[in-house]
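Have a look at the structure below, then the notes.
Residue numbering begins at 1 within each chain, and the chains themselves are lettered A, B, C and D in the order written.
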Amino acid sequence: MASSKSKRTTVPVAVVGASGYSGAELARLLCLHPQAKLTCVTSRQHAGRALSEIFPRLRGVGPEDLFFTEPDVDAIAASGAQAVFLALPHGVAAEFAGPLVEKGLRVVDLSADFRLESPSIYEEFYGSPHPAPDLLAESVYGLPEIRAGEIRKARLVASPGCYPTSILLPLIPVLREGLIARSGIVANSISGVSGAGKRADTALLFAECNESLRPYGVPKHRHLSEIEQELSAVSGQKITISFTPHLAPVTAGLCTTISALLDNGSAEERIGKAYAEAYGKAPFVRLLGPGGCPDTKHVIGTNFIDIGWCIDERTGRCVLMSAEDNLGKGAAGQALQSFNLMFGLEETAGLKII
Amino acid sequence: MASSKSKRTTVPVAVVGASGYSGAELARLLCLHPQAKLTCVTSRQHAGRALSEIFPRLRGVGPEDLFFTEPDVDAIAASGAQAVFLALPHGVAAEFAGPLVEKGLRVVDLSADFRLESPSIYEEFYGSPHPAPDLLAESVYGLPEIRAGEIRKARLVASPGCYPTSILLPLIPVLREGLIARSGIVANSISGVSGAGKRADTALLFAECNESLRPYGVPKHRHLSEIEQELSAVSGQKITISFTPHLAPVTAGLCTTISALLDNGSAEERIGKAYAEAYGKAPFVRLLGPGGCPDTKHVIGTNFIDIGWCIDERTGRCVLMSAEDNLGKGAAGQALQSFNLMFGLEETAGLKII
Amino acid sequence: MASSKSKRTTVPVAVVGASGYSGAELARLLCLHPQAKLTCVTSRQHAGRALSEIFPRLRGVGPEDLFFTEPDVDAIAASGAQAVFLALPHGVAAEFAGPLVEKGLRVVDLSADFRLESPSIYEEFYGSPHPAPDLLAESVYGLPEIRAGEIRKARLVASPGCYPTSILLPLIPVLREGLIARSGIVANSISGVSGAGKRADTALLFAECNESLRPYGVPKHRHLSEIEQELSAVSGQKITISFTPHLAPVTAGLCTTISALLDNGSAEERIGKAYAEAYGKAPFVRLLGPGGCPDTKHVIGTNFIDIGWCIDERTGRCVLMSAEDNLGKGAAGQALQSFNLMFGLEETAGLKII
Amino acid sequence: MASSKSKRTTVPVAVVGASGYSGAELARLLCLHPQAKLTCVTSRQHAGRALSEIFPRLRGVGPEDLFFTEPDVDAIAASGAQAVFLALPHGVAAEFAGPLVEKGLRVVDLSADFRLESPSIYEEFYGSPHPAPDLLAESVYGLPEIRAGEIRKARLVASPGCYPTSILLPLIPVLREGLIARSGIVANSISGVSGAGKRADTALLFAECNESLRPYGVPKHRHLSEIEQELSAVSGQKITISFTPHLAPVTAGLCTTISALLDNGSAEERIGKAYAEAYGKAPFVRLLGPGGCPDTKHVIGTNFIDIGWCIDERTGRCVLMSAEDNLGKGAAGQALQSFNLMFGLEETAGLKII
């Protein structure tokens, strides 16, 4: 009886690189998770200081006696952790993933290190050879709505970030069903500033980001590599898309709007049907119906992604729209969703937060 | 000697419907304009109250003895105004434009009433017959970078709003030169909340707009009618585009990102050349060069529009980006720019504000 | 064994006037509460519409089959509700409180109607005679940290709002211990805009509140009446304080800074001791220690109030500082905390959210 | 004829340390000033780069051929500058002030280096001996509303910052007239984030400051030293005040609320009269009258300070309120106002901007 068993389980977990925004959100969600127990949090910067000192929000709810330690594979394993979340920069995560997996821990990596299947595409987009190509063959792209079966069995899950999640979930069903053309897809995203990380960079100062709307990183954002990989996988041919990210003055939230040419006069109901089939049982995808426009304010702090769509008969194109919390479904929440699957817990355990 | 003469002129002006955000910005700019003098401001809501009471920002700079009056054509003319700015809702503006023009005043209308050439397209997009079709033949679409000559002679200028300006100025040069395909153009815009007007609508409350990113008005925004009219005019054939507006938590500012398929392998330098030819002498268009990303925070409070562009070789498309103040170049500033042309003043008079 | 019993209980509850911000937060918290079940939500404005349509955040978590109804005492009772939260304007709440209490329901009123002991002070501050003076004798001022015993037994709890809570909790311990002078107390508060309610008022528009800092309501805010009542109660003599509220561009959050003259050279440790004695076991008061400055960003979305303090030896005064979520500990969270006490649940049930 | 002469003058000016927010605002205002000409801008960080590259807002208005240089006294003098604005950190400004004054340039220092009369109080508050005590005797505290005569003749003006300006201007008239008690004055200020400077500090990131309200720097902010010095000067005895600064999520703007005990039952009209006498001819002080509440949104981008006041008869205290732009009247605007006085220009030259 998996379900009754799963209710009794408590999984000891570690978070490596817990000082940034994804790390902080992971810590928050794990403190609230009824079947996870934080045994280890690491941060070079904060080593020796209490978790609740660095994240004052956790005081009174989180563990009072947990202190940041230096990241060290042996110490992480010695803490008893069975699961490890890596909230590290790309390139650094790979240094920890292999040794941890070898020690028998199961790893959810929030970096981009294990999201690509091809080491050469990694090198093309990230500018250096892949640090651990052997593990790539094994790692699973952690989009639970698409690859739940593989995630359940994985030792290493590469959990997608905010832009890929917001683009892939609306596109995959309509592309898989052949409802849109495979070329000419244009995606525009608007992200909250926390997506840029907790870095001492003057470009991210309040006075630089407030009252500012701006595109950036044109035309070849790194995450295009994984987006196109996953789109190509479901459509059976190489897909290339146009993508422009923007920064807007919100702390959290990510809003994506996609324009695609309809194929064979696909109607709104066919799109709606494709979504219903794909996500009817997905607990964190909320379908807004035709004409429904998502709003990030309804999803921040949650693991939900809201999806709306409409057809523009004048141009023969459709508009697909999504909203998510870049730190929730776009980072920490999604990583926990994979964790739940990996450890046989309810997929929604600890994540039905609004 | 036009220029020495123009420096001596002071034009008496009226603002009709001055209680909203465009009206307030017009009042601000006119108080700072060295060759304009406010003789009349009207507002049903504020009639009888001092201009500086309603707009506290103007205290100490604006006229102390100017009071709002009820909108009345005879009274406006009797104030001595030679120019009238209409900052009224569409449909209402048309009631004033004709009588004022007949009395010999020159009118800059900030509403959508006189922007379309075709009464039937007006009816298609605005849902009612055009209230003054005769005047349509005469009115000039007031984009000074494109129609300066006509504007100079016009009795009635239909000054474009924020979305059309932000889309037309980047698109016209490359479309005119045949550098992009005429179909498959996708425009996404992000607007500040003041663009929705000063209306007592709970959807516009601070607590509803803050920490919120959202598309709206899909798929057939009213302003598409004028955008496509002007694009068709320069390209010699019917152009239809996809357009999705978004709302973000800034007071002012509008950021537009356009994706278009390159034609015949147009390179970045050809696009740059087209912009340089079109706007090299345009005092309010700032070209950021290839790869340059505009940022609304550099244009708010000004009449500038900043334009950047880049080519995405992977998809064979280009990205055109613009930033403007939705109340400046997207409304009041642009109206004043036309006013300057109409009255033989320097195009930049009163507008070199940063 | 109260605790094991309390874990099995589920209390059916109604929220009357659930369309504003406090109502929305109550609905959110009740959907997450493990021992409460929403049986009825009322709103004249939204009657007939689904809860999750009006509050899209609740979709996927809240009840799918709950619809707003017109507020009606019989219908509320017929829903099976044992507890009723009144999220109504002052004056209106009193119309419902009496009939509901008479029917045997227990009521937590979030309005100001039952917070004052004296009908004449109500009339002085609210401008009309008290609508139900008999109930005043019975109602309990619902500050759980101060009056838990009374709240447990109450049929009608008058739950304090954001300003009183943020001022009373820091002041009561030091005033009760005689550590500060009883006159010359100055409180300044900065509130998020949601504190002004969800009203279609142009003064609350995004474009009016963003980039704006402003005092308002000087010098005699209505909530002074209850603040001074409670301060007088603990100090044994009439206390009058100076209070200036301010509005700042945040959605939620309330920050209060109090300056008071130290009595008899009270030292920081005496203040710290008074707080520790008062709140050492209070699950939602987090003491930051001497010199600790609270920050609303650590408490928004929670039921915590963070309190810091310091002594200014140069002036012989102390500074007491608090931060809370105006909709959490300042409204809905606090109301639920009283509810937990009234129904014998754990005080923290459903409220250990961060 | 001073006025006709002043209209012809153009003063060459330098800005030293122009890379921060005050420097950027100085550059903006100087580009708009009709009688100032930027000849030199220095910045170690940006040396060699164009002014308009670092401040994109200035493109199209500012000089196209001005490049940042390394700060060097000889080079500054060689640029022909007659006036120099120092926008440097305290301690560093003093290194430049002396040599520049010796070379015959007139200096407006925006740092705290020359604001105090007493080197020992400097050391008490700034933690190191004063770097140039001799110049202290000569420097003038640059509050034009109070010390215009001295400023006109000064070689070195120490221009006050945002907190002192916002507190001194409301307090000085009522304190000078003996309308309030000299003890028990409590000032609370709320500042925009730009006031903390353009520093790569994670505490100033957008995601840390947005949705955050917080006091800081309690209880002995450095600027208390100059505030108390100036208050003591006008009241003829040592004044000590309580002051708590707060940070709120606005880019610019500073709002101060002061509570003081009324002396001898001072009435609102006596306070109003004191303000009218003090500031009736001050072009940048706008008096809002009794009960008038200032709002930073009406002053940002300007050199105005708005002042309101009211009496609280219940407590026998008065509330004095001010709003200014922390970078305008609280920094760059005020420095330019002193510059205008020093060079015999109209006090308002280049500053009647709204």
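As a convention for this text, contacts are C-beta pairs under 8 Å (C-beta built on N, C-alpha and C of every residue); 3 or more make two chains touch, one makes a residue touch a chain.
Treat the numbers as computed from the prediction; the structure is a model and nothing was measured.
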item: Chain separated most widely from subunit C, comparing mean CA positions; value: B
item: Result of counting contacting C-beta pairs for C-D and A-D, higher pair; value: C-D
item: When subunit A is superposed on subunit B by its C-alpha atoms, the rotation angle in degrees, nearest 5; value: 180
item: Centroid spacing, where centroids are CA-atom means, of subunit C and subunit D in whole angstrom; value: 40
item: Computed distance of Cα centres, subunit D from subunit B, in Å; value: 36
item: Centre-of-Cα separation between subunit D and subunit A, whole angstrom; value: 46
item: Junction residues of subunit B - those touching two or more other chains; value: 192, 208, 210-211, 249-252, 295, 297
item: Subunit A residues within the subunit C interface of the complex; value: 28, 31-32, 56-62, 211, 283-284, 286, 295, 297-299, 301-302, 304, 306, 352-354
item: Interface residues, subunit B side, partner subunit A - complex; value: 183-184, 186, 188, 190, 192, 208, 210-216, 218-220, 240-242, 244, 246, 248-255, 257, 259, 261, 291, 293-297, 300, 308, 310-312, 314-315, 317, 319, 321, 323
item: Subunit D contact footprint on subunit A (complex, rising order); value: 21, 192-194, 198-202, 204-211, 249-252
